[in-house]
Amino acid sequence: MDTTAKKKLEIIIEAPMLDRLCRLLDQLELGGYTVLPAVSGRGRNGSWSRKGEISESQRMYVLFAVLDARDLPRVLDEVYAIVARQIGIVTVSDVAVIRAEHF
Amino acid sequence: MDTTAKKKLEIIIEAPMLDRLCRLLDQLELGGYTVLPAVSGRGRNGSWSRKGEISESQRMYVLFAVLDARDLPRVLDEVYAIVARQIGIVTVSDVAVIRAEHF
Amino acid sequence: MDTTAKKKLEIIIEAPMLDRLCRLLDQLELGGYTVLPAVSGRGRNGSWSRKGEISESQRMYVLFAVLDARDLPRVLDEVYAIVARQIGIVTVSDVAVIRAEHF
Amino acid sequence: MGLFDLAVANLISPPILFFALGLGAAMVRSDLVVPEAVAKALSIYLIMAIGFKGGVEMASSSLADAALAIGAGIVLSFAIPFISFGLLRTTSRTGRTDAAAIAAHYGSISIVTFIAASDAGAALGLAAAGFMVAVAAAMEAPAIFSGLMLAGKQEGQSGRELVRDVAFNGSIVLLIGAFLIGWATGDSGRLVVEPFFYDIFRGVLCLFLLDMGLVAGRGLVRQAGDIRFPVILHGLYMPLIGAALGLIAALLIGMEPGSGALLMTLSASASYIAVPAAMRLALPKAKPAISLTLSLGITFPFNLIFGIPLYYAVAGMMLGG
Amino acid sequence: MGLFDLAVANLISPPILFFALGLGAAMVRSDLVVPEAVAKALSIYLIMAIGFKGGVEMASSSLADAALAIGAGIVLSFAIPFISFGLLRTTSRTGRTDAAAIAAHYGSISIVTFIAASDAGAALGLAAAGFMVAVAAAMEAPAIFSGLMLAGKQEGQSGRELVRDVAFNGSIVLLIGAFLIGWATGDSGRLVVEPFFYDIFRGVLCLFLLDMGLVAGRGLVRQAGDIRFPVILHGLYMPLIGAALGLIAALLIGMEPGSGALLMTLSASASYIAVPAAMRLALPKAKPAISLTLSLGITFPFNLIFGIPLYYAVAGMMLGG
Amino acid sequence: MGLFDLAVANLISPPILFFALGLGAAMVRSDLVVPEAVAKALSIYLIMAIGFKGGVEMASSSLADAALAIGAGIVLSFAIPFISFGLLRTTSRTGRTDAAAIAAHYGSISIVTFIAASDAGAALGLAAAGFMVAVAAAMEAPAIFSGLMLAGKQEGQSGRELVRDVAFNGSIVLLIGAFLIGWATGDSGRLVVEPFFYDIFRGVLCLFLLDMGLVAGRGLVRQAGDIRFPVILHGLYMPLIGAALGLIAALLIGMEPGSGALLMTLSASASYIAVPAAMRLALPKAKPAISLTLSLGITFPFNLIFGIPLYYAVAGMMLGG
């Protein structure tokens, strides 16, 4: 099976900012992204947990997008502009994909 | 601590196909796999969100399996046969594991 | 955008041990970690699924921490001491981060 | 009661108003959300309750009438997709596979629409026969097979797996199971569960329809722009065609107004749970967003707000004493 | 009833005892957890119910009184942050942005505290006017704008997006929507939903307050050590200052004791849903843990256990016949 | 009522029929699922309700009787694992650690079985003393320590952490807390929560048992093939042995039939929430799938369908007037 090299961009972002981040990515016209819910964590701002919470304000989501290395620089710049002020971290890693025509 | 090189296979798959994918992987007798629920996303078929949904048909799950590089080709072939017709994407990346005897 | 190389440590751990693992990581004073809930899986101990379950004892969580390569050895040693006896697997992979000052 | 009064009575009932509130909140992009897990549980509750009640009422139903009604339902579910497919193909440029998938949605039923219509009927004093629950269950699946026939030969399908998935689909199993439990335990069973399955039912329906409004509204906001106008129109006239066919069937088998209005509603409604999942397995090339937006975002609100009072009014006139 | 009897009656009511059970369980680090999805759904239920009831009771309210009360609420919500900010800045070394964020929480309201107080009032026979629900809704947002003013110019803010997010915030939309539905359908609507929204309400409140106790207790266990003493004190005296201002407003506009006690409670309570989210968007540099621990871990239990009976006792004396 | 009539009355009650529906749906691999969050919330509700009711009923109980019953429960929970362990080791080739883990499950209790039995008792007019709730709570933990003794010395265990985790386990804290609240508030508290905790209780139980049937059935489908026959048999005869020991204890301390049947049920039931989690921490080498499948997939349905009516019948004969 042939595989193609791509980049996986992963953004851990606080819930109140998730919609704005998605709207940004929609404008950037990436191939796609997927959002996973986190249930607890710890960082410099202390620890949090979803146990029994009704407010979304403290939770984090993990959004990831598999994209072409060529698209990475412009996407990182735009994402950084949002994440810099908010709580969130951004990582990039290497992946190989099958069905490259999808991206 | 000694680590061993392995591959991480990650499959983003639509909910109605999840059971069939798992049954396939069970037959392939991999060491194991784990399934994470996604809450929203966007792709070529538009965007989706679990907010308040009662139907599973539009949601995606992320299944990942840590496995030996030698097993990868046969697994990819079989997985591709399923995912090719459905909504889903498949990525492979490099990881190191401790407790290699587990796999 | 400048990126910095880091390590991503990922631990799949059974629910009853999650609190103890988090307490351990808190003592190790890492930059942070995030916990994702899994919904089903299969391993050497058979398969499990959260469907309709009220007991947490069989579920797995995926904890990940982005950290500096220098911190990895001591963290792996401590984590191994816990995970060795329990159900769980530990993987390490390479990532690049923006906002390196966060870690 | 005239059509106008009926429409007004329906429109100012709390369940419909909460549905409208949900729709409106989604339109203004409010972040109001009923958690997915709770929404699913509410639908389980409503299906259990409606199934159980139907079963209890079987005591006063004739089995021959039930068999006739179930037969009529199966025929309708099987036939409606052919009409829907033909109309879609002639009025819009929808491809064969997509048209077949949409058509399957319209032949099948929306159990939530059925529940809302039953509730409206009860409020109007036009109760239906208990076996209408069995009719609803029977109408869920046949349309799927019509859809597959319309789509033509597809590669890699596994018919047996599909039949099993459809037949043992959660909401059918629950609806029929609860129906049988209600039938078996009758009034003594009813006594046990009355406060939970009867008394608070209409309040729970308000909460559930709030969520349905939110979901339908969010779907519309997200997707409606991508759907061509003739397809959107299909979502508005197809329920009327379905209801007309349901009425004809009800006349032919001599149903009472309450049951007839429900048969019309079932025929008019489009599936958005069982069929979308089945289509992903059986017709993976069909684009899921179109059919789901149509059935959930357009036909469902149309039926809930305008359709149901209309069907009761017409059924009252055509089938009534 | 004297203050002492009131306090005792409040303290030994099941809802408050379940809240205390939750607090205690969290303190001993029990793993008791109400799932997040269910907790959210319970809060939706309670908001729907309280909104609906308020609307139904509007039949017996004067619109002029309602307008006056809403006006008073807006002024209070807008003004209280300035007091909170000033006190924080003079008594503690809290930075400008953090102090502004905390102050915004105190100007806004806690809808759960409002619901618990309404319930306590009903139990005491001191029912409030229906429009107090609208007052609660009106008091949610103004404080946010005071907070932004106090924080001074921040980079990169988008005012318009924020106003929209705040105005169409889920709990406000639901509270006002349910209020209007109650108002529109009145007693006939009430009949439909009585078992669900009225009869089981107090039992559901027990379950919900159990969860609130768990959440508040866990927050305290996790964070309280990181918060400086003068800031913790702020969480204890600020509700008293807010209540005093609420009392003055109630006296000025001539409220009845039941409504006045609710205005006091609203002024005394601090937001922990809408404002924290808004602050993350508008003042991202403010540390969220401090303000949330203060409003949810300290002020909320204080109001629930000591504040509410106190406010009813004082309102009874000062506003009563 | 004779044993046969009792069995029939139990079998055709809606809660048991919904349990059977769940079992059946899982067996045919239907996709029917009650969301995990809701299932957990339902169990919280049921524990709160049963605890509260027990507390309210303490008004008519003697404390001496309560102390005796609690003592008996502790002895049973502590003793039963030794029998279970011995039988497992002699009849099957289960290893020491696995046998110890399974034995701990059988000494402890299933609170859901207790709730279903209480409900069946109430339906039969054989109400139990309020303190049986405290007996249930007291029987949860002792078996865990027997299990550890049976397993022998394990490396790396932290006894103190374990004791704390077990003692402050969510369902024990909630059961005892709700019990104390019911006791403290008595009939006036009951009035507040009657519609929620009493009236709809049996209906909620139907929904919950539907889920329990689904979970038990899915566990069986998934795992039963991997479990050796003598171990499966253990899941069927062990409840009978437990019930017999419970009966002896009930005779010795002179219990009434309703309470005695519950003590039998508690002894007969096996834990599937608290003990599995404790075993993962204390005996990580024990394979969790075996013990969980046994207690949840075999013993639980056995008790629910056959055991409970049997225990009531025997208790009625042996302890009755």
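Letters A, B, C, D, E and F mark the chains as written, and numbering starts fresh at 1 in each.
Heads up, the rule we're going with is that a contact is a pair of C-beta atoms (placed from the backbone, for glycine too) under 8 Å apart; a residue touches a chain by one contact, two chains touch by 3 or more.
These figures come from a predicted structure and were not determined experimentally.
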{"item": "If a chain touches chain A and chain D alike, it appears here", "value": "B, E"}
{"item": "Fitted rotation between chain B and its twin chain C in degrees, CA, nearest 5", "value": "120"}
{"item": "Pair sharing more residue contacts (C-beta pairs) when D-E is set against C-F", "value": "D-E"}
{"item": "Distance from chain F to chain A - Cα centre to Cα centre, in angstrom", "value": "45"}
{"item": "Between chain C and chain E, centroid-to-centroid distance (C-alpha), Å", "value": "38"}
{"item": "Separation of chain A from chain B, taking each centre as the mean of its C-alpha atoms, in whole Å", "value": "18"}
{"item": "Touching two or more other chains - residues of chain F", "value": "33-38, 40, 195, 199-200"}
{"item": "Overlap residues in chain A, where contacts from two or more other chains coincide", "value": "36-37, 47, 93-94"}
{"item": "Which pairs of chains touch, using the document's own definition", "value": "A-B, A-C, A-E, B-C, B-D, C-F, D-E, D-F, E-F"}
{"item": "Chain D residues within the chain F interface of the complex", "value": "35-38, 40-41, 44-45, 48, 52, 164-165, 168-171, 173-174, 177-178, 181, 184-185, 189, 192-197, 199-200"}
{"item": "Residue ranges of chain E in contact with chain F within the complex", "value": "12-15, 17-18, 21, 24-25, 28-38, 123, 195, 199-200, 202-204, 206-207, 210"}
{"item": "Complex contact set, residues of chain D against chain B", "value": "33-36, 39-40, 42-43, 155-156, 161, 211, 214-215, 218, 222-223, 226, 272-273, 276-281, 284-285, 287-289, 292"}
{"item": "Touch list for chain C against partner chain B, complex", "value": "10, 12, 36-44, 47, 60, 62, 73, 76-77, 80, 83-84, 89-94"}
{"item": "Chain A to chain B touching residues, read off their complex", "value": "1, 3, 6, 8, 22, 25-26, 31-37, 61, 66, 93-99, 102-103"}
